[in-house]
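Below is one structure, written out as structure tokens, with a few remarks after it.
Chain naming follows the written order as A, B, C and D, and within any one chain the residues start at number 1.
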Amino acid sequence: MIIMKSEATKEEITDVVKEIKKYGLKADVSRGEYRTVIGLVGDESKVDFSHFAVLPGVKEAVRVETPYKLVSKEYGKRFEDEGESRIISVGEIEIGGDEPIFIAGPCAIESKQQLFRIAEGVKKAGAHILRGGIFKPRSSAHSFQGLGANGREGAEEALNWLCEAGKQFEMPVITEVRGENQVDLISEYVDIMQIGARNMYDQDLLTSVARKKKPVLFKRHFGAGIEEFLSFAEYIAVEGNKDIILCERGIIPIGKGKNFTRYTLDLAAIPAIQKETYLPIIADPSHATGRRDLIFNMSCSAIAAGASGLMVETHYNPVEAMVDSQQMITPDELKEVIEVCRKISRLLVSAKKKM
Amino acid sequence: MIIMKSEATKEEITDVVKEIKKYGLKADVSRGEYRTVIGLVGDESKVDFSHFAVLPGVKEAVRVETPYKLVSKEYGKRFEDEGESRIISVGEIEIGGDEPIFIAGPCAIESKQQLFRIAEGVKKAGAHILRGGIFKPRSSAHSFQGLGANGREGAEEALNWLCEAGKQFEMPVITEVRGENQVDLISEYVDIMQIGARNMYDQDLLTSVARKKKPVLFKRHFGAGIEEFLSFAEYIAVEGNKDIILCERGIIPIGKGKNFTRYTLDLAAIPAIQKETYLPIIADPSHATGRRDLIFNMSCSAIAAGASGLMVETHYNPVEAMVDSQQMITPDELKEVIEVCRKISRLLVSAKKKM
Amino acid sequence: MIIMKSEATKEEITDVVKEIKKYGLKADVSRGEYRTVIGLVGDESKVDFSHFAVLPGVKEAVRVETPYKLVSKEYGKRFEDEGESRIISVGEIEIGGDEPIFIAGPCAIESKQQLFRIAEGVKKAGAHILRGGIFKPRSSAHSFQGLGANGREGAEEALNWLCEAGKQFEMPVITEVRGENQVDLISEYVDIMQIGARNMYDQDLLTSVARKKKPVLFKRHFGAGIEEFLSFAEYIAVEGNKDIILCERGIIPIGKGKNFTRYTLDLAAIPAIQKETYLPIIADPSHATGRRDLIFNMSCSAIAAGASGLMVETHYNPVEAMVDSQQMITPDELKEVIEVCRKISRLLVSAKKKM
Amino acid sequence: MIIMKSEATKEEITDVVKEIKKYGLKADVSRGEYRTVIGLVGDESKVDFSHFAVLPGVKEAVRVETPYKLVSKEYGKRFEDEGESRIISVGEIEIGGDEPIFIAGPCAIESKQQLFRIAEGVKKAGAHILRGGIFKPRSSAHSFQGLGANGREGAEEALNWLCEAGKQFEMPVITEVRGENQVDLISEYVDIMQIGARNMYDQDLLTSVARKKKPVLFKRHFGAGIEEFLSFAEYIAVEGNKDIILCERGIIPIGKGKNFTRYTLDLAAIPAIQKETYLPIIADPSHATGRRDLIFNMSCSAIAAGASGLMVETHYNPVEAMVDSQQMITPDELKEVIEVCRKISRLLVSAKKKM
């Protein structure tokens, strides 16, 4: 990456970008409050950095070796104010700041009535963002696949409900994009586009979602190491979109015998990732545990690990949900989760200030 | 599933299909040499099978509990001649019979010259099918992504070369489809469409590839259990396409310290899967091990485990390959692999006959 | 298990035990405040429970199917007051109650001076129990193996220091027992005997440690599922010793690329295990993460998950520690950990009371 | 390690050993046909190798960085004839040569009659070595634990039968040692001492078994990486015992849903390990798969991967076995396994000669 002097001119920046292009690479220009940093997109192994170091306006030219360059802490430190973490704004909500953010709603939207009743409940409970699944492809080809499976009409109807519910209850909305063909449609309706765990490795989807320039909720694949997770987040960043909210949602369990949790929530990954990147990271205890009776503890645990928020599946009557009924909590339970999590978060913030 | 009497009429079959639709389910009609079997696509938990058992022409009505119904051994036994395994024909090549089939070629097509030289080499070595990657998205956003990354033109040029090479050296051709947007294009050119490990869970892609009615090479995801692997193969089968070639290519390694192989080739999955389904299964020792010096042994080992064939990355000069150079073998080495594998396969076939 | 009536006589209990022995099984008699429960040790599949149900003094006779019978919640509910969790007393310390317990000290005892200085530090920081390793077998045969490797004399000297430090700073002491040959020696000195993760499967060691009738800290193996963990804890319980403190210390990480944490701390296992057993469970963030900079967050996170305490490696100058130097925290850092953890624990306790 | 000149004298060797001891290290002196190599046991990071290089009789002084020095290929190459693999002789049987060796017998010895009948069967089938378990601690504290659980008498009786059966049917015998307390007893009776997967990490057991100077069958732990496996084998080698037969027996399966095999047999580990060490490696398809119907294929597969032999559980009537009945094969099935495996092995040997 090329760190420009604070007094560098536009022309000097343009010249550096031109030089980068000569190597067949692309440039990622990040303008921070005090200086501008230019990242090199592509294989920089043959780049002569000493040549860049002496160009006018350049303060420093550094080779970055990790496969995640543009999302790395090292890169972020140069253009972000504090460098510690990026705050992503969605309407009036700020993700990545001192206050944890709660995303809640049903796993799958089943009807307008169901969605609105849940939306009202989660808003009252203190949630900030409304989630609702449209496309719900399942492990078995023989199960309910979400309203989106009824073709474009079914999808649009559900998306309209989601937007309306968001407006009525004053919450930005989020839904998952399952394939490139859905990107245009969904981006028209929602505030945050979610890339699910199973699609983490789908570079084409990542690229086309990134280009919509909306915030992206990016879930870790259940078989991905941390390095891979960040390397694929980089696919979003190289499109010039750094509004990426990472999400830990559990990795494949190991060990013989009955699994007591659906996945293994890897909470140590949260502070570990925060040492590597400036992107905020939240947790999804619902999919990770698959158990309603563990949500309270694992929500508290994730916030205590340092998560910037939670995504929690909520339903007024969990047993009648068509998808994931065994992992839903009620709005009343959500309220309790949010209250305790907020208190834990404040304990951490004040402890951090002392350190 | 509904097993029809051998003398059942077309009308009787149609009536059964109508009854199935009344439940909101779809019907999969498989006509075998001796009888017709009708699978129920969808959630059959509320179906009253005793009602079906007494319909005219019905011999038997059985509930199938596994999430993989249409690809299950139990289902196959009813309409396949032997029920043991399905033979999939691609041109004059038969996959799933007594003779193992070898798919070889470069990981990524880099140029016409490169592809033709390799195609000639693998043909001489005894390979049956030519592979060549067009779209090669990589773990790092900063590496070479295949000729397909140069837009539709780059992709079409490479696909044309692949077809030409296939014709010139008399081999059917195969390439990987990485996203729904590529399905139409690629299906025009190739004989077999490959769904890679990272896309195993992408139901939309599976569905749209299946509808092309061409044979599909379906790779197991590196984090997938056997049950999941077969449950997602079912997504292809419910579209009426049972020409599915399964492929074991290694699962995530566990254990601390340096990994000596890229993935863990799960060879016991091969005979285990053969007890569950009639679909043929092959192995990919190249991606599984990531090591040229292990290909010979692991090829022999996969065939001894019962694999119906192998997919092996080949290059005349491995070190100059732009992708996966450390796991390529030369055409000469491939020849040795094929010869020994054939002998092992014959040993197994004659041992089986004695049992 | 056989649940006796509250008014059952000693003779009636003895008669039931005799009947159990006729089946070649052993009996585990647990006297609770209100009633006595008798567990069957051994394979009870051929036992005729209807026969037991009509014996004098018997209230109920129930077959227990899990491989962990004597440590199961179901069994505990019958003889423990609340049945929710067992409180294990070590001196004046209570493990399993509302207050979290902190075990701290060096990974390996290196000298008397080192141990005493650390003991003083952790006591001031608020720790309750002092740990110190005597036998430290390592992954490499070529590294420092602990003072115990210097034969019985070395071990006894270190054990004497540990006891003295415990007395001087008023903390019970704990050390790990690595093999059957060490059981007699170590049990003379310490208040709690630790069975490490690598020995979780060593039934002979479990049995001989259990027979010392001292509290046992029992760590989960890094490859063990929850069912296995509890099934092996059962080996201690069948010896009549139910003072078992479980400890989650991380499982094998999956995923490719660099590991950012040494193991994967499976915090959801904590509440999941608490639904299965009445035994208390603590966490060891030091071995799980292997990273000093993650200890604070993962300690808070473990307590928020519901852990009854923590085991934290501590050293006044981490860099000079001969073993695990990269995962030690200082007494000052421990103080901060303990303070915040206590506050989080109180938040949970008061939230639970409201539920 | 220190490589001595071929003409080095005894005194020169002694002097080098003395120098090594000055560093607080131990010396491992390996006399090969052509030269003597001296390994340094312990942490050699502070050793000044240039100082050794100039001592009389020294040809070369090299620092070895891996945690497995004495079992490494690099070390073996210096004193073994070919360096490729070590041949371990047990009576007239040679393990590690061109011919695969078959170890067979019951999982647990149940009675003299049972053992002798099986011994006769496996001998006729072509097996070379007789196995039989004495101590069979199980996952559940409530199951049959082997005759060794009946105290020393039970163990000795079973060991006597094993020896007798070995003599009568002319096969060396092997049994597993489960704890240090059993080492003296078992070493008096058997030809090969087995260290099971669950004890792989038990350094004290490894050391005391190694000191008996008998060949050791050393099984890979189901959660161990290759590097760890070899690092713990090193614990045996540093005691001067290099007659170590490695054994791959399956690692923990990953992936959700039903497990179709008990463990994941990691066959690529076999050739990978053969590149790292000169020690022979065999496979145990019985414990790895846990399925009788997969033994034939996985035996062939292991030999094709390059294994020097197999360990296969055998019983004349699998269903009546008290332990592991679902994974036993009959002597007739074993005969077929051995015959086909031998043919596969010969194919590999002749292919190797051509390369």
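Going forward, a contact is a pair of C-beta atoms (placed from the backbone, for glycine too) under 8 Å apart; a residue touches a chain by one contact, two chains touch by 3 or more.
Being a predicted model, the structure only gives us computed values, none of them experimental.
Using CA-based centroids throughout, the chain positioned farthest away from chain C is B.
As for how the two copies chain A and chain B face one another, over half of their interface residue numbers coincide. In this structure, the chain pairs A-C and B-C differ in their number of contacting C-beta pairs, and the larger number is found at A-C. Centre-to-centre separation between chain A and chain C, using Cα means, comes to 37 Å.
Averaged C-alpha coordinates give centres for chain A and chain B that are 34 Å from one another.
If you average the CA atoms of chain B and of chain C, the two centres end up 49 Å from each other. Annotation for chain C: residues touching 2 or more other chains are 223, 228, 231, 252-256, 259.
Listed in rising order, the residues of chain C touching chain A in the complex are 223-228, 231, 251-261, 264-273, 275-276, 288-289, 291, 293-294, 296-298, 300-306, 336, 339-340, 343-344, 347-348, 351, 354-355.
Note for the complex: chain A touches chain D at residues 223, 252-256, 259, 262.
The touching residues of chain A, counted against chain B in their complex, run 41-44, 67, 69, 137-145, 178-181, 198-199, 201-205, 221-223, 228, 231-232, 234-235, 237-238, 252, 254.
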